[in-house]
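A, B, C and D are the chain letters, set down in written order, and residue numbers restart from 1 in every chain.
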Amino acid sequence: MSTTRKRVYGYLAEFKSASALYKGAEKIRDAGFKKWDCYSPYPIHGLDGAMGMKRSILPWFVFFGGMTGTATAFALAYSTQVVIYPTIVQAKPANIFTIPAFFPIMFELTILFSGFTVLFGLLALIQLPRLNHPLFASKQFSRATDDGFFIAIEARDSKFSPTETRELLASIGGSSIELVEEED
Amino acid sequence: MANIFPRWSNLLPLKIAVCAGSAAAGVALAFAYYATPKSLVVGYQPSQPIPFSHKIHVDQLGMDCRYCHSFVDVAGHSNVPTGSTCWNCHQHVQRNSPKLAPLHKSMDVNYPGYDGKPIEWVRVHKAPDYVYFNHSAHVNRGISCQSCHGDVNKMEVVYQAESHSMGWCLECHRAPEKNLRPLEEVYNFNYNAETYLANNPQLGIKTTEDLGLKLKEQFMVKPKVTCATCHH
Amino acid sequence: MSKRIWHHPEVPVGETTVAWRSVGQLEDTAEFRQWMDREFPRGAAELANDDEVETSRRSFLKLMGASTALAGFGMAACRRPEGYIVPYTKAPEWVIPGNATYYASAMPRATGATPLVVTTFEGRPTKLAPNKLHPDAEGTDAFAQASVLDLYSPSRSRVILKSGKSAPRAELEKVIAGLATDTAAKIGFLFGADDSPTRVRLIKQLAEKYSDGRFYQYEALASESSALAVGDGVKLVADFSKADRIVSFDCDFAGTDSQGPVTPFFDRRKPEGKSYTEKPDASSMNRLYSVEAAYTLTGGMADHRLRIASSQITAVAAQVARGLGVNAGVAIVTPELTDAKQIAWVEGLVADLKENAGKSLILAGSRQSVALHLLAYAINSKLGNIGEGKPLLAVQSGTKGLGSLTKLKSDIDSGKVTTLVLLTPGNPIYDAPADLKFAESFAKLQTSIHLGTRTDATAHASTWHIPAAHYLEAWSDASTARGTHTVVQPMILPLYKDCVSEFELLLALLSTDGKLLNGEGEKGAASPAYAAVRATFSALAGEEESAWKKFLRDGFLAGSKYATATPASRSEMSVEQPASAPTKDSLEVIFATDSSIYDGRWIDNGWLQEAPDPISKLTWDNVALIAPKTAKDLGIYEEIIALETPTASKSPDSEGENRKSPMIKVEVNGQSLEIPVLVSFGQAENTIVIPLGYGQGFDQHDELKRGPHNATHVGLVGVNRGFNAYPLRTASSSYIATGAKVTSTGNRYSVAITQEHNGMYGRALAREVSTLKDEEKGSFDAQLAGVAKQGNDSHAPPNVSLYKPEDRAGKTLINDPLHQWGMSIDLSSCMGCNSCLVACQSENNIPIVGKEQVARGREMHWIRMDRYFATQKDNTFDSDNPALVPQPVACVQCEAAPCETVCPVNATIHTEDGLNAMAYNRCIGTRYCANNCPYKARRFNYFDYNKRNPLISHNLYKGPFGETQVGEAAHLQKNPNVTVRMRGVMEKCTYCVQRLKDAVIRQKRGQKQEALLAGKESIEMQVTSHTLRIPVDSVKTACQDACPASAITFGNLLDEEKSALGRSKRIDRNYDLLNYIGTRPRTSYLARVKNPNPKMPDAQFIGKATVHMV
Amino acid sequence: MASTTQTAAESHTGVKIPVLKREKLILSGRSYHWITDRICGVVENRQPFLWWLLFIPSALIALIGVGGGLTYLVSTGVGVWGMSNRVFWGFDITNFVFWIGIGHAGTLISAVLFLTRQNWRTSINRAAEAMTIFAVVCAGIFPAFHVGRVWFAWFLAPVPNANAIWQNFKSPLLWDVFAVSTYFTISLIFWYLGMVPDLATIRDRCKPGVRKILYGIFSLGWRGGNRQWSHYEMAYLLLAALSTPLVLSVHSVVSFDFATSVVPGWHTTIFPPYFVAGAIFGGFAMVLTIMVPARFIYGLQDLITMKHIDNMAKIILLTGTIVGYAYLMELFVAFYSGSIYEMDAFKFRIAGPYWWAYAAMMSLNVLSPQIFWFKACRENLWVIMCVAMCVNVGMWFERFVIIVTTLARMWLPGDWKSYSPSGVELMTFVGTIGLFLALFLMFLRFLPCINIAEVKWTLLESDPHFDDIEDHPDHGTNIEAAYQKELVSAK
């Protein structure tokens, strides 16, 4: 340990409740920090606003993903059934009028592609999987998935200052303030 | 709590995903290329009990296909010649060639090892059991032997020249004009559509494509692509 | 181009896997030859002994051609398996590998030979069809169709037996040589009842050679009544084309009791003429009256059917005779009818006969008494029906003067016969009347030589059994019903080297040295039978080669026929009084000819066993049939079994594999038999019908634990099948026994029935109209016009589809301009026999599945022969006599086929020429198509029926551990142009698409011929649909070809009025089955027309099966 | 929701605000940590003896029934089942539709109730989703293996091939393939995404070791930061929004298998809604069947409260009545049609050879849930379990009635023949029940069976304004009031 050089990740402070976290977040937002985050065992309503975050853009991804699904299904069905190898099936047309029969699969592929877009879009947006993270080095941080409410401000933030930030956290009700260091 | 995963593990899922993705794509591509009749059967060239040369018999001697494959235009199956067909000539021609030993064994009653059993030729072209391909339906309607069997007249040893996959069959059934010939030219391995047109200016056809289309119309060739055409 | 050269590895010794290729076509057929080919015997000899059977079976298959040898499955599995093409060394004449060759032949039968055309592939006979050139041509019945399977039957006799044990041929040859030289031998010959000119000739020679030779004739169900009535060797042959009125007294002339070619009868059931050329005219139709106890095929066709116990039929005939004023000599002896309804019925009949004197036909059933035959003859004579150009002709058949079995027995007992040669297809040890005790006498014989295709009871009881050559393996000749001299020619050398034909055996005995030559003569000459047949022919038609060739080609000698005979007048002959009418305590037992196995000879024929009985729909067994009321009276059922129940409930015996019939004990003639019971509609009260021929052998798997008993007498098909009723018969009550007692035993026996529900349940499926005016539905014409509007179709709105079957260019999808296939099935002439069903099985490689699977409802027949009974609620004449309407249902090739749309993998789609195609190799077996098929015409391969023997108990359920193969040679029957389906795929009728394709391709070849004839370059020839469309009515489906009733019409719809099909589609009787769904089937049905006599008391109830349905 | 309008809340400004009084979803005033402990405890503690008692037989039954049954089936042929050339589908598709239907409640609880903000779903949605997945697994076995040549099942996939042949996109069966596989995939994603934070919880509670690594991998490094929660919640919402039409489509497509056919008794437009309602109905019954004992075994009474059970009972009552309506409507339409085929199809269902199946369906599905009109019945767990079991059985019979009784008596009386299942078929069906239970027990053993994060979120103190309303007259017992308060003060 002693030989390892450590880089500072940032400060981690615990708050006693969701309300405290909410209020703390508002303060930090107002203080102009950018690279920081609130950690809670469950999603807290309204925290996005308190943190000054924008609405997720995931729906847009999914919309286009879904459209791709629709188009794929239509292209697959239409090309194989009408263009490449039209077959005579129960006196049904082998032309554009046959597309009602493609609707179920178009629908299903829309959903399927959307679903995959949700999954992979989400992972991309929240940058997971990321199995190693400096915060995991913090002992108290394990309570973030149980009953702990935390705010971590990263040292990368331009407003970050080893002392002032710590004070700020303490002033807004943060306790057990800890300097989290990254293993190099 | 300490980190249980080392830092390098952060990029690992991505790396794994990329590698697995490209491996899967590679396998799919390789499969798509190699596991098709085109790569599996084209070029199959087994050695035959008698090294019969189509090149000599067709190209040099100018024999017609139907001399040996005598039922090709009346039957679904193109027959392989009987022993007596070979023996007809070869009891006189090249009689003592050691290559003909199996024929002697089969046909020559005076041959020491004569057993009268037929020659077992190794099958080159094989349609699956459930495919009923009819030779006579094709050769009588302007599809040449060459279209499916390749330049047999140039083959010392016969090999499979085309994939004979269902997709390959359908290609021609959908656009037969690419392969149609005048009936007189079906067995002509040196047929060349352009030469044919040059020799027959009275037809007033300019391009080989037009020739195909004209033949298709003239012969009322409307190949079917539904199942029962080949499977029953 | 040649990317790589693969030198195949050396084939490891013993590593030759032989794969049967369903396509038996290839040029690789090697040494397998026709009869003329010298190379075959070596191959056949490989099947010689049982020890080598495993290896020889394989090499045999290879020899039989059509096989692809796959080598190197062991070490070189990853490579392409090596396949070989094995051409003939010397090509046999006429054989084009892959193309069928057709030969004329005939199947010899007691009622006159059935002329046939045999389809062979590289020498293998695969399919039989009627020879339509033949003057006595009629269709082929199920027996004829199925007889090709006997050739390849795994249970076929193949080795010489001495007292039931395999014996060397040399020993037999010594015996024959001994007999041949001993002209003083007390030798008897027992022949079958069929008539063969050469046999007649040989019998004469034998009689000359053997001063003490005696000749007998026996078949279990060849009755002597007719001969006793009209004279020895005299036959009364009906010409149905000339008969306007037909009365059948218990005569199933359309089924198992043939009285002459029957097709003309059916032609006259069509009011529009036999190929639908005329306007519908009731007067062109014939009228059939049937008097019988239980439904037969003929009874089902009848316009008027009187239900009465068999023993009482003579009384009806006598009443008719009296009514017509026939000489009282025979008429007086029988009691008069007392039932007013019956009297009225007879009166109506008599009046009709009087009006149609000279154009009517009275037929007496062969199982009936001499008295009835005398009566029938007397009536016919009185009406002037007999003679040249009349409906009935008396002819003198060649075979006469042969003794009966009773005579044979007494001759054996008295020592006049010590050596007996049995050439009959009968099986006297098993099927002789019980009181004759024939087996006891048989045992007294010093030598008995039995020639037969089966190792049946007689084969085992004889000192010598010789395996007989099948009629497709032997030279012979035969006479048809009217005596046309018809050739029976071999298609193939006997499959097994010791198989001997009847003539070969007789000729060996006739020869001086007694040398037995079979299959081939000496030094490659033809069989000696060939010379004998030819000699007979030469005597008739001269020595010219061309005449002989024509005979072989056409199959018959034109102009040959039996001489007419004048039957002796025997009206004074005294006849027995018929027994009194049966009662509940004294029942009548009727021993019936079985529609599947005849007299028991076809017990080992799987196709026939699995073909459902046309009336009872029972397969694989025989049961006692009994009328519903009688069943209740006897306490077998608590209630009268109804034809239809309001809720389509299961029968009290359950359904499917759970169906178990109650068993009864029948006591008659001092014997008893425990047998299961089925209720039979339309049967006379207090009668029991028991079909004969079953119960020949049992092994340890028998359901009733009857075995092992005579297990070696039958093969896997026939073992444990049914109940033997022969012991109940006596010589005097061979067909009808009275005074029977029945008790319910409380046991049950599983029965496999293909149709469990007998009524139409208010659905106008098999439609019927009457030529008689209906109070509600109007005249005949009005009824005809209303055919398409019967039942639900009367009020269902038309089906209008928003979808148009068009492609992208707006062109209709079913667009073949040359051929659009269609079919019509005329219910007016369909009688519901199984001919089409078996023909289809033979043509399309349909496997049998065994009793257990049939019971489960898994039979594979592509044609399901539905048979409906229809009762009139207000039928005051006889409400227990429902109408019988058969309806064969195969795939109807709907243009809007519901099966197609539901297949996820496109395995079943429509072809451009209107077929609902089935690509077996694409099918994954979801079975959705079959569920969505309204006609339930699809069949699923639940097991590998072709690869696992379904006949071995539970074998199918053993999967990979089960016994493979149905037999050693059964594969050879397979049609090479039809895929043999594996398990897990759906299959169904495709209008014999292989035949259609073959015809179309043949027609295409004509293009070149035309160009050559015109002397033009092909490119200058304008090909038209005339060149490419097959000639009108030139292709036949297997079912159509086989149909003896010409009920099936098939053809190209584009031929329109030119074709019989086109005409049949335009007549009023034409309707689509289940039109309501809008499937637009290509197979339509023509409603049945009943032609009742308005003067009959039951006339108003005839032809009403569906007419009042809404 | 049981609710009474109260005018209790009186704000600082003196405005009277009508608010809804709600029952608490978590009882006994449990803390966050208690919830974590309780739920993770199920995974972390030694399994109760009862677990083993259930798991071992279930696994064995699954192994023999499904493993053995299918091995025999594939090696021997579909003939080992009881179908015939008359009744081509029997237990196979009955079971398929049955299991697929079961699955629907899971998606419904997690997606539809999520979208409609029914917070009471949080305690049961995880298990219900798991049930969906396992039910779809069981369901998928049947269509996959009922085909005659399962080794060619890949023909169903639109893969370019040398035969240049494709699938029939007009076939409802192909729709089924797409629908069911999409359904399975989406359900799996939904289930898994929902579980990631909870897996992280378990990860963080684990001692270092294999378990920690495994949970670590599957929780993807979840940290619970709001920048993750924000996207995560959106993703969850989207999946819920996608799953809702999906779940409706899947059973509609399954019903198309029947509805698009020409078979009398199948060919009817009522099928899609009727099937969906039936699926929800059957699914909820199965959720109850499983959750009531699980709640007891693992002591989750405070999380899965009587209110949850009451709500589910009401849904069963509702959907059961819808299903009953559909049954009657089918009859009405059949007899109204004037077609003898339609009329007979239903006549034979009611009174024909399978009348007992119809009677079972009617009494178990339509009549038995009616006792839920009585509150006492909705509060008695024994009654609830009985009704749930009745509905499970009844819904199976519904499918049996639809498939078998119809096929056994179709158009032509000549082909009528009854069907009875073979032993192998029964064994496979029982095997799938075993498989379902075994999978579910494994789920209980290894995965958080209740959504920890979401349950915490239903606690009153989870609200970020909870502290602000401490001084309110309600003392924070009425969260709605708190919102209202904020609303007013914002003005």
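The working rule: a residue touches a chain if its C-beta (ideal position, glycine included) is under 8 Å from a C-beta of that chain, and two chains touch if they have at least 3 such contacts.
Just so you know, these numbers come straight off a predicted model, no measurement behind them.
With A-C and B-C as the two chain pairs, more C-beta contacts join B-C. The most central chain, judged by C-alpha centres against the centre of all protein C-alpha atoms, is C. Centre-to-centre separation between subunit A and subunit C, using Cα means, comes to 77 Å. We define each chain's centre as the mean of its Cα atoms; on that basis subunit B and subunit C are separated by 45 Å. With each centre defined as the average position of its C-alpha atoms, the distance from subunit A to subunit D rounds to 28 Å. Averaged Cα coordinates give subunit B a centre that lies 56 Å from the centre of subunit D.
Counting only residues that touch two or more partner chains, subunit D has 164-168, 170, 172, 174, 204, 216, 221. Shown for subunit A are the residues that touch two or more other chains, namely 85, 87-90, 92, 98, 129-133, 136, 142. Across the assembly, subunit C contributes residues 898, 900-901, 906, 909-912, 922 that each touch 2 or more other chains.
Within the complex formed with subunit D, the residues of subunit A that make contact are 17-22, 25, 37-48, 50-51, 53, 55-56, 58-59, 62, 76-77, 80-81, 84-85, 87, 89-90, 92, 98, 101-102, 104-105, 107-109, 111-112, 114-116, 118-119, 121-123, 125-126, 128-133, 135-136, 142-147, 152.
Of all the residues in subunit D, the ones that touch subunit A in their complex are 31-33, 36, 158, 164-170, 172, 174-175, 178-179, 181-182, 185-186, 189-190, 193, 197, 200-201, 203-205, 216-217, 220-235, 238-239, 242, 245-246, 249, 253, 256, 452-454, 456-457, 461-468. Taken together, the subunit B residues at the contact with subunit A in this complex read 1-7, 9-10, 12-13, 170, 225-226. Only residues 85, 87-88, 129-134, 136-139, 141-142, 183 of subunit A touch subunit B when the two sit together in their complex. Remark: subunit C residues 801, 803-808, 810, 813-814, 894-898, 900-901, 906, 909-912, 1080 touch subunit A in the complex.
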